[in-house]
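Letters A, B, C and D name the chains as they come in the text, with residue numbers starting at 1 for each one.
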Amino acid sequence: MMDKGLYREVLLDHFRNPRNKGSLEEGMQRERGSNPRCGDDIEVGVVQVESRIEQIRFHGRGCSVCIASASMMTEACEGAPSDSAISLCNHVESWVGSREGGTVPHPGVEALDGARAHAARHTCILLSWRALCRLLTADAA
Amino acid sequence: MVESLASPWRHDFPQLLENPQLHYLDSAATALKPSAVVEASRRVLSEDYGPIHRGLYPAAERATDAYEAARSTLHRFLGGREDDCLVFTRSATESLNLLAEGWLQSVLVPGDEVWVTTLEHHANYLPWKRVCERVGATLRVVPLNTDQTIDATQFDDLHPRVKLVAITAVSNVLGVALPVSEIAARAHAVGALVVVDAAQAIGHQRIDLATWGCDAVVASAHKMSGPTGIGVLLARRSVLECTEPLLVGGGMVDLATAEQPVWAALPSKLEAGSPNLVGAVAMAAAADYLSDAGIDRVESHVAALTHSASEALAQLRGVSVLALDAPERDHGIVSFNLDGVHPHDVGQIAGELGVAVRAGHHCCQPLMQALGVDATVRASFALYNDDTDVDALVSAVENVIDVFGVR
Amino acid sequence: MVESLASPWRHDFPQLLENPQLHYLDSAATALKPSAVVEASRRVLSEDYGPIHRGLYPAAERATDAYEAARSTLHRFLGGREDDCLVFTRSATESLNLLAEGWLQSVLVPGDEVWVTTLEHHANYLPWKRVCERVGATLRVVPLNTDQTIDATQFDDLHPRVKLVAITAVSNVLGVALPVSEIAARAHAVGALVVVDAAQAIGHQRIDLATWGCDAVVASAHKMSGPTGIGVLLARRSVLECTEPLLVGGGMVDLATAEQPVWAALPSKLEAGSPNLVGAVAMAAAADYLSDAGIDRVESHVAALTHSASEALAQLRGVSVLALDAPERDHGIVSFNLDGVHPHDVGQIAGELGVAVRAGHHCCQPLMQALGVDATVRASFALYNDDTDVDALVSAVENVIDVFGVR
Amino acid sequence: MMDKGLYREVLLDHFRNPRNKGSLEEGMQRERGSNPRCGDDIEVGVVQVESRIEQIRFHGRGCSVCIASASMMTEACEGAPSDSAISLCNHVESWVGSREGGTVPHPGVEALDGARAHAARHTCILLSWRALCRLLTADAA
């Protein structure tokens, strides 16, 4: 049952072994995302070089969906041009909001498909993406 | 000797009959409805509907009578005294805000105090906090003691500057009951009024304002298997006499054209707008249903289920049940956490397995802070639950333990 | 050519089917319910019930979806724009009080003005009056003109100190409609906001916030054949953003433990407490019912009945129909008086003859004062009425004339 | 139909030809009763001599029930000892409040039986009685 559901192996793997998770380094640009309603609290850090995301990390706490989504995000965005990353964030936002259908924004986030069906989990999924988007957009402005 | 945990009332609840695989353990959020309530609501909407107050034709007179009969039924159900008055509101939340804005605001002076406890719901915390801040009074939050409860001795230092003690009858997170009468006695000794939040208790234990000796009690219909969108404030007439209306408009004014409008007599003064006939009738039907079931029988059934669930959960690997060693704890609610797993994940997986539990702060952030957690998983029981629900809960949590490899 | 006054919708109303002798002409007080609303209410109570927001299991998700779908339905039904936001309240009365206490209170400064009209319901008068007095602002009551209506030119002297114009779409006593768009244009020209009380209009004409160009509209479900105990406030997001909540408690706060609590985003910020799922779903069912019936068809049916009743009553000995010569007057309501007979007596005798009309001040004491009467008899029409109701009304009044020997 | 209902001939007669209605004389003790909700407004005047109601009158406006009830009241109370009149007022209050059954407080008010069945008319019936009761009680105190 769990295979088709929210908790696919891929998601659980990202939760158990989150990629690019750990304390942020000095000099990183940082942005926090927090949802006091469920206690999710995450900070995203990036190093941009020539409008490309050279490095991206996050730390914090949250439910499996929140942590796995942040982990997937770092994999999907590392090395990407900053404006593509912004587009990706927006695409993820709308893909999640629509709950079903639409094209998967990035192969690395496909495992979030089970979670986006549940409106109550949208904030969990999007917490890190919104933080990244704020960070990159503020920086571009 | 094993007590039977079968529910003699389960078959009264159509949603459970239709969904035999549903294990509804979220009654502390809102309770399912028995046919009697559904039917009462259908009848008043489609057969006995009419406007209330001053109608001069039969349908209006019947509607007015039905509305006032509902008021009496609930007055009795909550143990109201003769000098109490029952006001229909939209919810326990509105009832508390009405007392805060309409009454407390006008009696508090800077330096006064209002006491609440750490385990109050936001609805029994924020309204008082807002008024205290506006007035320059102090809101004191009585801390949890070591067994995660509140006891009456924590009110030994009440003093005459305290104008109000607002406490819940039962915690909607821990399921512990407060010693309401003892606290009320101490409060009255220093001249403070006592408001009891019965929102959580009302579905499964006797609410008795008179025996408690309190000054006001609030509750919502939806937590006692009644409709949504209606609640009550039952309070001493003397308190309500000096309560300013939160809402002004039709029905609550005798003379609107005067420089200083003349409010109507109680309870109309505090019920601006067209009364909620359908809600009142259906809420009274819920009270009648619970009375017929026997509120004491309901209470022991729910306590047995709660006890059984807590004991079983506490055995599981990585599970910590909150307030496990507290006395007076089996009031329909078990909150727990699972090592390394966020309550959302527990709730979601349980949900996928047909077990409806809640995960979150349960509108009790001060309590979460005191417990040092962000959230808990909460399973809550009502008269329609039985041992199959307890078993399903336990096996759902076992499943989560598996999925997340809790050690 | 005689227009047919038969009602194609009458058979949808169980209370009328059950009581063929009932001539219900009190829909301006509260309207009867079609089976669709009764059934929607039954279904959500007994099949699709669940808690709203943050529930992680299917019943909770379905309930949340149903609640939000109801919000969208009503947003559309009322002609809401994209940057409007719909808040569920307990009634039109609460919606107006929320705007008064939460918004107006914080924007008014001494010397500012709020304009209302003489024919406002107490619900669209007392809340503004209370805030104006508290702040030291002026509440100006635009007088009736000679044909007992209000016209747009009476708003020609609006000036920049006016912060709010609050008007009803249709008078609940005279049945006249106000030129809402024209008034709104004048108000906006001086920077005042415009709130429309659509409580009376909602059952039988198109409410269109966008076309009206107003800033907020309020209504109650029970007057549009929906349930009791629920209403809406649909307003510009920018207005609601700076509206302080009337009620504080669960669901409306993101962070309650902070020194300054952090409110939730709209609309939750203004919907403290457990949402009224049953009410919202049944209210949306009422909107769907009216949309399916065709609101324009309903409007002309009701207008034809109103017209026919006014004409017939005006012929009777001793009867004076109010606002008889006003343009824009056939909006479902006829008020009249009978020489030397108190409206209560007319209402009571009509009631005994199966004709349900209302007698009183209809929560419009300022208007009564302006008209120089204590009360009126009011007959009001809805989509389920037909010519037999008009005939019964006329013959009931003839009977009163007989009994009291009116000359 | 009207015969059994609220509007029996007796009541209508008291409304059409109210007894003891007219302006109050100088020196009478007065008490007003008004119900702004329906515009009923009545003033009762009495002359007491040796704790007996020597004279009683009323004036004002109201619906048929209000006027007829006041008229009946003046007939029932004229000449009565003041304390019996107070008792009668109280008896009428409770008889009306109970809506049906109970003993008729006085033969002269029997025609109010149809009206008391209707809760919405209670204020109309009782307006004058309550005014009289206040007047006599205040005086006795």
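Going forward, a contact is a pair of C-beta atoms (placed from the backbone, for glycine too) under 8 Å apart; a residue touches a chain by one contact, two chains touch by 3 or more.
Keep in mind that what you see is a predicted model, and the values were worked out from it rather than measured.
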item: Of B-D and C-D, whichever chain pair has more C-beta contact pairs; value: C-D
item: Greatest separation from subunit C - chain, by CA centre; value: A
item: Inter-chain centre distance, subunit B versus subunit D - centres from mean C-alpha coordinates, in Å; value: 47
item: Distance from the mean Cα position of subunit B to that of subunit A, given in whole angstrom; value: 38
item: CA centroid of subunit A to CA centroid of subunit D, Å; value: 79
item: Residues of subunit B whose C-beta touches two or more other chains; value: 54-56, 60, 255, 344, 348, 352, 359-360, 365
item: Subunit A residues counted as touching two or more neighbouring chains; value: 36-38, 118, 121
item: Complex contact set, residues of subunit D against subunit B; value: 35-38, 118-121
item: Interface residues, subunit A side, partner subunit B - complex; value: 1-2, 5-7, 12, 16, 36-39, 61-66, 118, 121, 124
item: Touching residues on subunit C, where the partner in the complex is subunit B; value: 14-15, 18, 22, 24, 26, 29-30, 32-33, 35, 37-38, 41-42, 45-51, 54-60, 90-94, 96-97, 121-123, 125-127, 129-130, 220, 222, 227-230, 246-251, 253, 255-257, 261, 272-279, 344, 347-348, 350-352, 354-360, 363, 365-366, 369
item: Subunit B to subunit A touching residues, read off their complex; value: 341-345, 348-349, 352, 359-361, 365, 368, 373-375, 403-405
item: Complex interface listing, subunit C residues touching subunit A; value: 53-56, 60-61, 64-65, 254-255, 262
